């Protein structure tokens, strides 16, 4: 069973991202689970969501305390994300405009904001960065691009889907593993 | 009658920031052009967050949620909403 | 004369950094209420945005002693407190001026699940102020219909638009013959302030309802809270009035609408600016359904105009 | 010092007199048979000035308890009473009272519940509230009703947990018996004024029961669970001091009769437990070594006292006046078995449900049942 | 025949889809977190014509259940859903539903109760309704929610007793997982139309639940108690036939995992019981012979099935997500002990309360707790 | 034209030998209601004398399918039934004309504990008739005050006379904008009959309140039930009116009082004939308290006269 | 779906005398003087017990509770209340 | 412990009679108990009440199923009263204008109606026969006349008490034991 946690801010679309990932698992012939943590917080507060994928039935229902993957939706959240737990060899996927290494963890970076902006994915008060992030995470998890695309089309049949598709595809293909994965004091603030 | 246990109730006490440092919620910040400001206090009374100083039209950014009501209501256009970077 | 903004007291009972959404009309209104009531008051809250806005234990965003109570009980719990403080004072266990006992309750807690207890408190004429901040839906649970939701309005439980008009709860409370009833609106803080001061100084049961346009449920930009409040008054969807011992007076701008000095604006623009009427405006029967809404408003204006003439 | 006064009173009136003796401040009330007589008596006492208190004639029981908890939070000493469906209708607010640590005292005049309608006694109403976090007494006489209400206020205010005082509808509430009312000075000595550590106070604003995150919510609730258990010594102490002051004694957590050498132990609460003394006598006459164990305190369940009191190898015959739906039999039996499990394997527990909806429970009938249960 | 459809659904949506599959007639509803999503989905389905039913947006939960029981008495198939204080507020009418033998099916999305307010899961809400005479299931996955609602209607309508289907707020209600919806023909085969033997019918006037004298009231209530117990074989049969038709199986009255040779048995309900499978694996890896017994049917309490399933000399570790106020520990433990008393003295029962107000229950945490409990 | 006694149908839905007291106004009124509704109806009852009057299981003194429901739920339970029969008919599971769904509820179950559910049903405009037989107290539990108990009246919970005036529930229901509201009185069976027939034939929520002087609570001789009912109308303590779609018409004799053709009798005699006002009439402040009662009546007459002029 | 148990509900069926033979409650019985009777049906409609025959003004004494409403309302004084012995 | 049951019709004042007897016990230095059976019946229906007296605490709370004494407030109730139970040697006290023997039971008769009428004890719809019956029962139970009188005066201080006192006193002194206590088929209807 693969476990993944998303750390984001309210309003960034982390729940949809979690749902997309779980749906991609199903599309990929596996079992998927998306388990957002619901708080009373209004938008702007830090939020979390858990995603699990497995070839067999998923019985776990807790938050992912030691996930294999952590998606960090904003650089501001690096400290928080790591301190909440991740396996020693866990992978980080981060939305950032430039290469960022998170501790000793294998880290992948994607500029979801730029991609979303270019694709015209504007939301009420920002950008839909969850769509490019979805593409990026699929790539990191080795989910075939076809599956990733189909998941989006299932959710948004029609022209809306096309826009999202472009952004996700772009991220799928531009997400890159950060070279230096040594503990990097410049990043984060702990 | 002296109570035997401490009255252990779920009590809360008044304090600023009961909802956290709500300034972090902002996507845009209100910036007051003090030149244009007539000190009419309209922004002060409509601000849901009570973060505008009545006399000086100064915003407490620690808690201002960036709703933009003040800017929308300022009769002189003294307040503009500037994107937070 | 309405109290001007500059005359309003400094006291702040709503503390910065509370848990309400940005642009929240409920905290906006409560600030003004706080200026009128002062600190010698006890506040009761039923489940609502106002509770979510308090912050989480052990932090409190309001500067009163507050009690969260069960949803159906604002009226009776307030009665319990008012009798408690009165008898404790009679028995010499409380000194000083009696605190004002007030409920701060949403339209759900007033029109629907809390109506009975409120009605009974009014029948007993217990010494409380019931405030209803009316955002015309259950906002805290994600915007479901309430008895205050107007006809045609979309909520998650009226996905094709509500079919029934709203109750006129202020009128119903007026017909309970309580000494003070008023409607108010966050766009008119001086008016609200004056009404709360009157209520505070009147013994018995008082009811004040404040229209509270909520960007989340009504689907507009959060900076437009005050604009939307004003628009509601201008088109007559919301009337400002007060009734002292049953005698109704309208307040401006509603007074001008009622007297015919100024026609109410057609409701169309008001509806168009709110996402919650969107689907309806796009539907095939849009004209008919807008006409229904306009009809509800016209009827209420005409009705209240006549009702105000009854002064017995 | 004035002497105690003995008069003939119904159980309901005994309760009202206890309310007066306790100098209660606020009494929200709503009528329901067979409780109504308590409220009527209180209303009368308030209006004729005998009792300096506020009677709030609310519009229903949810409101009655809502007014009660709020008045209590404001610092008043608060009493109310109800029965059957009135109690069920309060259920939500009962949870609030305990979670809010508000020391309200309430009489529940036991009556069977709807559907269908019945007016007469059984214990389904109060036992169905066993998970609401209230302390519960069961009384077996008018005098015990009076005494227990005073003890209940004391315990409630010491530990900030509400207390329900149960007694059977009609069988006790409308039964006229001698009642001793101790002089007010004695009562005042036993039950000093209510001075809560916390109350709704504009001079010290604070809020009660906001939304609470799990890491704080869970310990609050754990402490409630712990403190309910901690009421046991307080209940004993209250009974003892009440005895020291007034000379009256109804047992503390439990009350026993001919128990020491008993081989067959009747186990029941409320008025049927009083009658069971006579059944015990009958059985003894028939050569059966019978005894009685009556939990006067039903919740917190006085497990240790019961375990210590039960004679070796006893057969315990639990007579339940309620159903433990989802299990065969009644609730008392299940509670007893759960505490005896792994502690007293020498004991046999047998159980019958009886007296539902007011079926009369006579000494002979219950003696016969117990004898029959020996073959169960 | 159409094939079953697999989609990703939240637990709340799985419930709404089951309502649709069951061809429910009337759904009174009132919002409360985290149940609201069910009502929103049903309202949407009704208004867009997917479900031919009436959605009644009542003004509170007492009214929701009042509308539900009355619609059921009129002969309709009725569903509703609630959580926490909504459930508590219904309490009076829950008793009426069972006493009136009205086969309403309700989802309770488990949430901790007020005071203080919490939004997150524990089981105090539904377990505090254990004395209301409802059948209660606890589900541990979205699919089980769907399957159980259909089984619940079948059992309820066979035996005229209402059924509560419990599952955890957020942890299940807002958790997206794959859901298999069997073809409607299969469901119709499993759950034929509701044809009550009695209903409010002007052609055959009769009245329901008048005042009843004790000699008739008592047997009515006894039969309710008996019939709840009689639901056990029906629950098994429903699970079996559902499996025969759809191929899906969640256990019948109980669900077990690695139990046969277990020396340490975890005992819990709802979503934590799903996670406990993983804890069992962890403990097994650590050399502890662990197993799991999950009562899927909580009430009627499947005592015989549990007694038969527990391995000799097992240590049973009951993990309660609720308090049994007035006793130390939780309700499940007490219920288990009460049924084991005198039947399985070889068993040791240990108990901890955890997960209150939404505290996250991870496989590792629970494994650690169980290991620690071995020294309790 | 009011239906005359001789024109009333034979059908009897209240069966002889039921459990009501002799002279009971509730069964008296229900007989007439039965003639208007006929047998194709479903009856809901909340705890009250009407339930005690049904007889004990397994006997039933009313000839309808009846359901006893929880006290706070008349409105919502009726909604449940009306939706159930409507959908079952839509789905073909019920044939023939839809039964009328009606509640038969005391003033306690209407003014107090049942008000909220009733108000909500009215807001949804669900297709039911709510009947309130108003004996101005909780008679079944031994005569305690209710929200319908008039000022000055003695009950066991107002041992020195109630201090607050009663609610005007028919007015409150009228202000819910439901299609039909009426007041009636057992002394005027033809009037009552006609009103029930109208209600039966009107879709939506209907409210009919019937004054039901109860010798036990009001303390008069049981043979005087009809006389006392008539006296209430003559002194204006009870007004007969109906409102179709909000338009009020008064019925005789109240119409004559309202129009000024005939003055309402002073309330004194009405009070004197009832034990429930006895202690008050003997008290030192008798004149003042009678004046209060007279004032309540005068105000209501004046108010309703004006209210009826509003026809929007 | 066939129910497994008989639907065992607390059901009651309509019948006269649901409150017993309520004629035994009477202390006085209404006696109609058929000479004086105009068949106006007033007694019939006001009788709370539905025990007066509409056409013949005959009282069913098995259930008549003796309330005296009929006598009080009869416009011709045809009904007198006679003490039951 | 002495047990007594009252069989009467609703409206005859059986509850007050029971209360008076229990109060007399207290006045007499004993413990007393009055336990009416409450039904939903309206006036006119048969009703019962139980009374117990004892020198020691009374623990019984059931209806008296086998009482030592039965008070029959109306001849119409003889059958019902006896069939409800009475000890084999139990005594019957009956309100009747003439001597009535009830089965083999020692029977006492008093014309409570005549006494009440003469004393002017008119109630809303009849006579307060419970007052004379109280006097009669006290006599049968050997409660001293003084105690009986004091009980009445405690309950009705003032002129009301005087009226009642007269009637009770009269009954106390005129209640007579019926000679023939053989099973008498003329009486009752079984």
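Each chain gets a letter, A, B, C, D, E, F, G and H, in the order it is written, and its residues are counted from 1.
Operating definition for what follows: a residue touches a chain if its C-beta (ideal position, glycine included) is under 8 Å from a C-beta of that chain, and two chains touch if they have at least 3 such contacts.
Treat the numbers as computed from the prediction; the structure is a model and nothing was measured.
Listed by label, the chains that touch chain B and also chain H are D. Traced through touching neighbours, the fewest hops from chain A to chain G number 2. Relative to the C-alpha centre of chain E, the farthest chain centre belongs to H.
A separation of 22 Å divides the Cα centre of chain F from that of chain G.
If each chain is reduced to the centroid of its CA atoms, chain A and chain F end up 64 Å from each other.
We define each chain's centre as the mean of its Cα atoms; on that basis chain C and chain F are separated by 32 Å.
Mean C-alpha positions place chain C and chain G at a centre distance of 54 Å.
Touching of two or more other chains is recorded for residues 19-22, 51-52, 54-60, 62-64, 68, 70, 72, 111-113, 115-116, 119-120, 123-124, 147 of chain F.
Across the assembly, chain B contributes residues 10-14, 19-20, 22, 25-26, 65 that each touch 2 or more other chains.
Multi-chain contact residues, meaning those touching two or more other chains, occur in chain E at positions 57, 59-60, 62, 85, 89, 92, 96, 99-100, 114-117, 119, 193, 205-213, 216-217, 220, 224, 360. Of all residues in chain E, only 6-8, 34, 119, 140-141, 168, 170-172, 174-178, 271-272, 274-275, 277-278, 360-365 touch chain A in the complex they form.
The part of chain C that touches chain B in the complex is made up of residues 5-6, 8, 10, 12, 14-25, 27-28, 31-32, 53-64, 186, 189, 221-227.
By the touch criterion stated above, chain F contacts chain C in their complex at residues 72, 111-113, 115-116, 119-120, 123-125, 147, 164-168, 171-172, 175-177, 299, 302-303, 306-307, 309-310, 312. Residue ranges on chain A touching chain B, taken from their complex, read 41-45, 125-126. Within the complex formed with chain C, the residues of chain E that make contact are 29-33, 36, 39-40, 43-44, 47-48, 55, 57, 59-60, 62, 85, 89, 114-117.
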